[in-house]
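See below for the structure under consideration.
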Amino acid sequence: MFATTITGRPRGALAAAALAVMLAACGGPTASTGVTSAPASEPAPGVSGEPAASAGYSGPPATIEYAIWGDPAEITSQTAIAQTFMDANPSITVNVSVSDWDAYWDKLQTGIAGGAAPDVFAMDGPLFPDYQSRDVLLDLKPFIDRDGYDLTQLADQGVADFTTEGGQYGLPRDLNVIALYYNKAKFDEAGVAYPDDTWDWAKLVDAAKQLTKDTDGDGTMDQWGFYTETTDMENYWLSTVWQNGGDVLAADGKSTVLGTDEAAGGIQFIQDLIWKEKVMADPAVFAETGDAFEQGVAAMASNGSWLVPTFQAAGVDFGIAPLPSGPAGRFTSVNPTGAVVYKGSKSPDAAWEFVKYLASPAAQEQLMQLKASLPVSKEVLAGPYATSFEGAQVFADSLEYAKLKPSFKGYNEFTTLLQGELDENVFSAANKTAKQALTDIVPQLDALLAGQ
Amino acid sequence: MARARVMRRSRRTLLYVLLIAGALLMMAPFFWMLVTSLKTRAEVFGAPPLSLPTGPHWENYVRMWNALPGVTFGTFFLNSLKLALLNTGGQLLTCSMAAYAFATMQFRFKGPLFGLLLATLIIPYQVVLVPNFVLWRSLPNPLSASGSFYGTQEPLWLGAWLGGAFGTFLLRQFFLAIPNELADAARVDGANPWQIFWRIYLPLARPALATLAIFTFMWSWNDLLSPLIYLRTLDQYTTTVGLAFFQGQFVGKWPEMMAGAMVSLAPMIILFVAAQQYFVRGIALSGLKG
Amino acid sequence: MALADLRRIAPPRAGRRGPRAGEGRWALLFLAPTLVGLALLSAGPIVAAFGISLTSWDLLTAPEFVGLDNFFALFRDPRFLIALRNTAFYTFISVPLGMFLSLGLAIALNQALRGIALIRTAYFLPVVTSATAVGLVWAWIYSPVDGILNQFIGVFGFPAQKWVSDPFWAMPAIIVMSVWQGLGTSVIVFLAGLQGIPQEYYDAASVDGAGRWSRFRRVTLPLLTPSIFFNGILALIGAFQVFDQVYVLARPGKPTQATITLIYFIYENGFKNFKMGYAAAASWILFLIVAALSVVYFRSQRRWVHYQ
């Protein structure tokens, strides 16, 4: 699930490009390929054995298409990154093809079906297996080996999400994690101490209760202690399931383990927040109008790192804390967006050069400016990112206890089925306990997984 | 008599009141668009939806105009306009021609052909999306350097010049209502079918043509998926695509989006107002000659 | 001269006649663009869509022939049956409701009142207003907490409903919004049709002593039947293909699944679940249903539609 909005005035393309050039010039190591010597190993596909240790591409002039989704700020940023790449590699032309999230997949699939696929395109972590298993992605391992590219320079979970037993089918481009946002003004007003890394579920409920108020005495709550989105596992319930010792998929990935008591307990916690402790609004209330935290109606929110620019634009004075830990420990989820190469690309070498560049510190610092996601380059994460805005350090640290958002074939169908049950009977109305609902739906989920 | 006049007046007043109340209701979303386009992000959901913005924030319009790199909203606007005009022109001509044939002539397979035409309305586009795409990819394009239609704007309007079910159906209904004797009289005078079509039927069908123009323009203007699927570069995109970028995956940038939507509205309102004259009762049409 | 005047001079006579000499060639000329379009742009893709329905296809790899399996699977799929039920419900309520309201509105808007052009434009606005804007305003109206609708019914003592988020009320809520939005387009068609009714007929009826209601029933309604027929068939086809309104106001999954319609089911399977063959099969069932209904509707023309 990718980020969306940004803050303030989007820079014109020219200014952004200028900035990118500046960063590239005075930032750290600029060249996209990492470390080490290039052994004279087997000739790489299409290129005459030249080790691409520094200046990169040495093949024939190529034009590649790079497809992304995004909002105007992300598009501007990615276009600027592409421009910088082109300046450094004059024989490669990158055409950036953009669309919004919804239409992106329609366009991609139609294109592949019609034989008109982009060379490089953005890939959402959970959907990766559906594409990789259908053999439309190019294995980048030969290129990695040929160039001696060091995968450890990138965030581990990010790389792992695009690794299969056979090879490496993409590089991560940016990451998103989940944390606890809190509204400082509301906390100060109620005299409650800010959340920190000692918090657990009980502390969360306790603080939320103090922050849920009916300020005008009309019988309905005007301020909620807590808010999160329940229509997707990423925003909170995935983490609470882990925090309670449960999981979504079995280790072999062939069946679901959501029917266990531990998993059910994680989801039950959220149902209780809404219907028992009453510190969170009925999801129907904010379903259409959007984020309660952004509107200043909720004092805390469990949500993604992509919302920082949104909250800043809304003028909320917020802080960021780690998610409270549960009975089984502290966990959060991480969801990478990757750059993958189409298997049928006519310019695989040029495509690989570009994919490498997207993960390079220079491009990553450019991406970081948006504050809408975490960089994948460890160097940038530990360096400029951690101080780029208040709370960034919390995000960066959370990678230590973050697990990958489940990613498997049939992801869309699985989540539609599962959320259908959860939304109707667990979150929007307390018709069933989490355990009951899960017990009811697990057989269908297993059947679905078995059929993939 | 006076009493009847008073009754007529009070009935008229009641009608006015009801119509205007209804009109206000109809205008509510439009008003919301206008007001939102002038608010800041924070104000959009912070206050009641139809409340007035705190200072009109015209910069939303500027931001919307320049939001994407390398192109302005103006480019999208012109692209949309070009496509809408091409589509409308194509449909007006080819649908009226086909409608004329269906309404006034007898020929073999007339029934089945009309049925086939209508059947195309029923097929959901989601399913023909991919086959259509594959088709346009395979058709040779004599006018383009690449020899292909992919990446050009042609798939978005060429089809309009090859007939259409809705337009043909609408105009056929209208043509059927025109008395045959007019054509007979003209035929006696030596006119051929084309002349009868052009000089008699078309002028009489202005309300229907105006209707078709409005609908075709609107559908072309609002088409989101086709431009996205067939076009590759930002400078070819249309307003609907430009607006979609503000939608966001989870949180929308409503002010900029509504600013864009306001700008996009303008041609359709103008078209509708211009077409109104064809709906006014009893207007004298000057189309008939001889 | 107006069409009305023409009818006075040359009153129409019904009756068919055989083809005139050379008419076939002229017909070909007039139909040429349409025929090319049908053959090239419609026939191909439709045949392909049928072929696809006999396969299992994920768009990314080659299709695999499975015969009629998709069709059998559909009828065992609870989600498909729910989509079918929702779509039928939507259609059989929204079509008559929309026709009735838009007819009344068109007649009201056909008066030669001052400022009527302005008022007409106001009624047309929802049609061209951004679908997202329309959806958001209605989301506000339907808002469970402080929405206008809840406030309104609260006055009469009814408890606040969740409307769009409530599985029971979600579809009706969507119907109201779409009927409201669709009024503009049907009204235009009716207005065009109303123009075609000669004033003379009304005058003649008045002279005969007919009151307003009688004039409506005897003159307006019969002569408007071609437009009613046209609006009706389009409304029927359109209702079965409802997608945008659902997508904007109450997308399945945000948060209830109760609003899933046939087209959404097709879209979901074709583009999200990698089951394009299955989606194509569903679209053929949709096609057959609508085609059957249309044939019935067309046959009924003879009974109630009066052409000149």
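Quick notes on this structure:
Letters A, B and C mark the chains in the order given here, with residues in each chain numbered from 1 onward.
Quick note on the criterion: a contact is a pair of C-beta atoms (placed from the backbone, for glycine too) under 8 Å apart; a residue touches a chain by one contact, two chains touch by 3 or more.
Note that this is a predicted model, so its numbers are computed, not measured.
By the document's definition of touch, common neighbours of subunit B and subunit C comprise A.
Taking the mean Cα position of each chain as its centre, A sits at the greatest distance from subunit B. More contacting C-beta pairs link the chains of A-B than the other of the two pairs A-C and A-B. Subunit C has its Cα centroid 16 Å from the Cα centroid of subunit B. Subunit A and subunit B have centres, each the mean of its CA atoms, that are 39 Å apart. Across the assembly, subunit C contributes residues 59, 136, 140, 271 that each touch 2 or more other chains. Multi-chain contact residues of subunit B, defined as those touching 2 or more other chains: 130, 134, 247, 252. Residue positions 106, 110, 113, 289 of subunit A each touch two or more of the other chains.
Across the complex, subunit A meets subunit C through its residues 105-106, 109-110, 112-113, 130-131, 134-136, 220, 230-231, 282-285, 287-289, 410, 412-413, 416, 419-420, 423-424, 427-428. Against subunit B, in their complex, subunit A makes its touches with residues 1-5, 9-10, 12-13, 16, 65, 69-72, 75-76, 79-80, 95-103, 106-107, 110-111, 113-116, 229, 289-291, 294-296, 306-307, 310, 313-315. Remark: subunit C residues 1-4, 6-7, 10-13, 16-20, 23-24, 26-31, 33-38, 40-42, 44-46, 48-49, 52, 59, 105, 108-113, 117, 119-134, 136-138, 140, 180, 183-185, 188-189, 191-192, 194-196, 199, 226-227, 229-230, 233-234, 237, 240-241, 262-263, 266-267, 270-271, 276, 279-280, 283, 286-287, 290-291, 294, 307-308 touch subunit B in the complex. Residue ranges on subunit C touching subunit A, taken from their complex, read 58-61, 135-136, 139-140, 142-145, 162, 164-167, 249, 252-258, 268, 271-274. Those residues of subunit B that touch subunit A in the complex are listed here as 41-42, 45-46, 63, 66-70, 129-130, 133-134, 137, 150, 224-225, 228-229, 232-234, 241, 244-253.
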